[in-house]
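Both of the next two complexes hold chain A, though its partner changes from chain B to chain C.
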Partner chain A sequence: MIIGETPPPSGAFGVDAVAMTMRFGDFLALDNVELKVRPGSFHALLGENGAGKSTLVKCIMGYYHATEGDIIVGGREQAIANPKNAHALGLGMVYQHFTLVPAMTVAENLVLARDDVPAVVNWPKEMKELEAFLGRMPFRVPLGAKVSDISAGERQKCEILKQLYLKRRFLILDEPTSVLTPAEADEVLGMLREMVVRGELTILMITHKFREVMAFADDVTILRRGKLAGAGKVSELTPDAMARTMIGAEELTVQPPRTGKPGQARLELQKLRALDDTGAVAVHDVSLTVRAGEIVGIAGVSGNGQRQLVEVLAGQREAESGEIRVAGDPYRASREEMRRHKMSLLPEEPLKNACVGGMSVADNIAFRDFDRAPFARGWWLNPRAFRDDARTRIARYKIKTRTPDTPISALSGGNVQRAVLARELGGDVEVLIAANPCFGLDFAAVAQIHAEIMAARNRGAAVLLVSEDLDELLELSDRLVVMFHGEFVYEARTSEADLTVVGRHMAGH
Partner chain B sequence: MTTEAADSTDAVGTVAPAADPGFLQRHGGTIEYVLIPGAALVGALAVFGIFVAMFGKNPLDLYFYMYYGAFGTWFSWQNTLTRAAPLILTALCTALPAQLGMVIIGGEGALLIGALSATSAALALQGLPPLVVQIAMVCAGAIGGGLWIMLSGGLRQYRGVNETISSLLLVYIALAILNHLVEGLMRDPASLNKPSTREIGAANMIGSIPGTDVHWGLAFGLIAAIASYILIYHTVFGFAARVAGGNIRAAKIVGLGVDKLILTVCFLAGGAAGLAGMVEVAAVQGRTNANLAAGYGFTGILVAFLARQNPLAIIPVAILLGGISASGGLLQRRLGLPDASVLVLQGIIFVFVLASDALYGRIGFLKGKS
Partner chain C sequence: MADGSIGLWTVPLAVLGGAIRVSTPFLFVSLGECITERAGRINLGLEGTLVVGAMSAYGISYLTGSPWLGVLAAGITGALLGALHAGICSLPRVNDVAVGIALMLFGTGLAFYLGKPLIEPTAPRLPAIDFGWWSDIPQVRAALRINVLFLIGVVLAPILYWAFRTTRWGLLIRTAGESSDAARAMGHSVLLIRLRATMAGGFLAGIGGSFLSLFYPGSWNEGLSSGQGITAVALVIFARWDPLLCLWASLAFGGAAALGPALQSVGITSGYHLFNAAPYILTLAIMIITCSPKRTLTGAPAELSITR
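Our next item is the complex of A and B:
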């Protein structure tokens, strides 16, 4: 077979993956999966975390070599040995996270992405060509602006433009809208959709948002646990049907109904200010009150100070000024205060923020209580208590682990988060702070976490829920606050919140 | 990459409960910890053999004499164990902070300050019963060394100074203080060529373990290593230290006082090295002078790394390294190699051990599954 054959002539082309099987050791990541992306179509690839979506596209892009199976590009079988081969064939990938150099301008980023950057770049000439190129594109970006100065939406447009500039005509988008506001997502996907309709482009999009699938995709392929679970035209499917195909017969935890009225103020922030790692002000003198039996949701595009706010509440960052009070007492995130006020924290990326990867599941579950009975007898640890307690909680929170002694880093993301839930919500909770608790998790885990959060609220906990997922906030919170550039710019009762207004404030208008 | 990781870890956690893995797979981790440092040691010995062959000596002779000089006779065993004693203690100075994710390489400085403190205590308490003086020396040595390394920990927590650099630089400050005192304030006027402090007195020396020529420092080392192991793996304090060392963000989110943990561990670590200094004074030198800067603190770093920072593994590794240094004299006499050749070997071992770090988790037949 000829490798790196000339790319097909201009216009969209399709890609088929036939009988793909991918093994990692004993583990079958892909089992005889088939994917047919028609030329000039917008194709969605759905599946839960760990279903094999990323593995499949990485096989197509040449990052992995499938154990068995063939890739057919534009009707011709191709052996894609590495990403370079894939690029030469006109295949491009846009990642969930940005790959642009923040300190350089958009134009510099575009030119430097080419394989054939000359030793001395003739900028006037390049700029002219870039202007001409942009003229043919559906969306514009400020060429002279530094990437660090433009918004997330514009960055994502740049990423896509970069692929088009490099003459890639089959784009794989890996959850491209996770960092965008709903309006930005609609704009970017809408424009891509137009290019697809004009026959210039074929798109394969990995996503978990049914709304985007229904609005923009022609076809959908659904994977479940490494197997093909279903495929078909979007017009003939409903979100419910797709969800059922994705999760199979698994039972989801039922979320308890919202009961009871908010009580007294439990968590109060007064003029809280915090810096980010570079010393810039990330949280700008914010004040907020969360009452018992209430979920306050903080919406916002990532990077607007939410992380630093949560870090201050979690004791991972010092506040610059301002005050936090819990049940009226000043709070400085000490172990004693966390215990007295029955505080629980569900941070984002639990493995990075709340667990020690090399320690066992049982140890990790005991982090809050290891220094008192029954885990400790005076100075000494009681290993049996660790294991017994872990067994109970593993069963109750349906944590899938081989043994309580397995290192927690060996668990899947959902199960790590379940272990943290077991630790944080296993006892009484009076204040709960959760940050993107469901990010990247499967349906079963999401349903379970949402149910637990709602149950904690109903038992009278004050809940501060910081999330980038607006749907999650609308579903769970009693009150919604929008955070933009480190400030709270909008607040409304969730039942009365207007989605367009919320979206506008998220974008800073 | 995150999704990929989730993919593969799913295999372990949920999707495919694998068939019973073989012995190699189940104990792969443990075997690795023995096999890789072992292989690094063998590789270093092989390279040292080539080095020796360039001098026209037979490497096989070299290996024989090294074995003979280190472990061949009861005499060489005693020599080896005597040298291992301070190494165990100085290795703890690196291994204990390593549990908290710190790289402290200033054991030599804590050793010198410990020796100086112990000597001062002994000289100040002349005339009291020997047991009292000895206990005071132990306390003074441990406290002096402990405060010295605690300084590094404090600089790191409160001033953001890298602890590796500060602990190394503190070695030179310690050496300067020692030289200053033995050449000035504490100088014994009778010491002419080699400025030293006065003798602590024969009665106050801690002597040898009965039936051997090995001094009691070995017992100090063994007790300290075993106590460190128990502290780290069986106590509440050790658990907190492991949490903070494994992931500082996780430690903060459960409200652990990280500053206090770090200062305490640094104190204990420096205390161990200070004890090594006290032992060198009270069992070997009898006084403090520049002889104490014999590099035990630096060899201790090598021991700690070779032992993968495990306090129990430090014991055999310290004996091995003690043996290598004990064989230096024999190599000089029988093969005509310079005495410092064993330092070359130590250096080669260190390079191999650091390079072999990249091999963990990559040895095919030991892997459970990807």
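Our next item is the complex of A and C:
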């Protein structure tokens, strides 16, 4: 071993993780996992939420220190004590949440990321160098624009460019395409793939999209519940085989077939307009009708007004103008109207938008009806009724909680969403509004939620499903609408929708 | 005007002079708070820092005979109080607003306790520069006798504005205030950045305090600060965390505060107390005009506990 060794030579290098074990207290997050990323390859890391993918890459990047196991970088064993060590070795990571500072410009973000930020930044010189750097890169970003003003796709490109700007040659990408349209995803991954083929870069990509694995990855490693479930060359595997390896023997809820024809108009939006938090128009005079027994899917890249639209429907935001009608009656999202029209809501980030984290699972399940019989008599609430009702629903919706009295914030994301499902879909439903209901959930929860939504539709509910996951929309909706810059720019029956046309509209072309 | 009387012109001149005099502590405290808040912390304790600064400046100036050593001492005690605030806030589950209120009470109490023997003696005061030498009208000369600290503050505001954009420290402070995740991902210690920013804020607030005891009103007593520290914190909010706007806002505030005495000097005494309330009315008016329940404040650092 040479003292004061130099960083690995230029060009791509590989990283191996050998016999990695990681314990958090009693919990075994990684159990003797092995990962071999060849130099100059595009490697996919597959697994469900909680399978240990993030833990594994965080061990490689020095955020966590594995209980046991070794990291070998470019053929040499390395003790990576912190992210700075990893960076010095040429390892870089693009996180799922953005690490750019929104209130700063792209150029400021890039320069700031460097280890050697000068005490006084000479902006004209830096800008010239950045321009020259961008000239060599496969995709461009506006340097002078504030990060908060550019699209999610551009931000993701920025994150990747930042790593390349820092001369990282082993990139870990954590679900890099979740905010991109299919076309953008293909563009970004395609260009990274070219750099890999040229031998400039090695890529380890965490993903759950089989399409991207099949199209771009050379090798794949699959984790399940902290263990190595499988690994191999992508060319020798099928998406089905990979899915089976990922899920294991767990039984998934079977989704009921689509039955019945859409009936009368149930939910009508007329020229609805809403502002975002900065006062800009986020929802731009949209009109839409959802009929009973129909799922209308709203597609779009996040940040195109979907959140504000759902907030208006949920009563969390006031509309500027326009009208909402439910079954012909004007609707202003009051509790009384919601009850009368049997409205149900599955908002995104359910722990934040649909639950009170510090209250018990039973209380959270009772929110819709806690003030009426049998839960209340006059002024008095009946806690036993809460708990009894919660027990039935916990069993029926397979919510994993220690007791009905456990605070709901202690549950995993999938179980929080199941508790919300139990509350919102447990009774009769006439109108259901769901926003990214499966975001970040495991296969079992996703299958259950999809089945419940389809069942509600079959029972005659009008369903408005807002989602960033195009596959989910194509699977569930009867009709598809694309939202871009606060407007509905495209509408088609899902059975006739052309994926490339949908993707083009999502990108605003 | 041979008799030196300039009639109603006295009022704007007195307001101008008053604005410069009264705004100085506002300016220093708000610039300090601007640094602290840009790093993602609110330090409400600056009211206490201001009073402690005033007391220590007076004491040191009296003991050493040098008002500038007093200013330095005020800055250092302010920085120490800032370090105390930042230190407590870096513990888990501590709310910076609550700590700030505690330190505000602690600071004023401490200053009154330690400052008891300082009420009697007279300490050397800070110098002022006579910019009105060209005029022989006494009101003009009085208005243009500008204290040195104000001049330093006026230079400091654009320097801070520049520093937030082009220096490594400025960029790091903004990163810590806008996205602690991003700062951490770059391998910086957010707590350390905030500690330094809070200390810098305390340093400036302490200097603001030294102005109170060493220039205007120019003595040490327990009624020295009438909430300037806390008002300056609010000032930062409607200056939208911009040092240059802090300068203008401080001047506007100082001008409003000088309105009552200025009117009194020309003999308008009715509604004296009402005019003295002008700064607070101004605060209310600006708040009502610029704030809306439907939108978030533009320019607010995203990590502040009030915007998160």
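The criterion applied here is as follows: the second predicted complex is superposed on the first by the 488 of 509 C-alpha atoms of A that agree within 3 Å, B and C clash if a C-alpha of one lies under 4 Å from a C-alpha of the other, contacts with A are read in each partner's own complex, and residues count from 1 in each chain.
To be clear about the criterion, a residue touches a chain if its C-beta (ideal position, glycine included) is under 8 Å from a C-beta of that chain, and two chains touch if they have at least 3 such contacts.
Remember, predicted model here, so these are calculated numbers, not experimental data.
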Larger contact residue set on chain A - chain B or chain C: B
First, second, both or neither for A:39, with chain B first and chain C second: neither
Which of chain B and chain C A:275 touches, first, second, both or neither: second
First, second, both or neither for A:27, with chain B first and chain C second: first
Of all residues in chain B, those that touch chain A in their complex: 2-4, 6-19, 234-240, 242-243, 246-247, 249-250, 252-257, 367-370
Contacting residues of chain A [partner chain C, same complex]: 82-84, 87, 95, 97-104, 108, 111-113, 117-121, 123, 275, 277-279, 318
Chain A contact footprint on chain C (complex, rising order): 166-169, 171-172, 174-175, 178-179, 181-182, 185-187, 292, 294-296, 298-299, 301-302
Contacting residues of chain A [partner chain B, same complex]: 24-29, 49-50, 52-55, 58, 225-226, 314-316, 333-339, 345, 347, 352-359, 363, 367-368, 370-371, 376, 379-381, 400-402, 406, 409-413, 415, 440
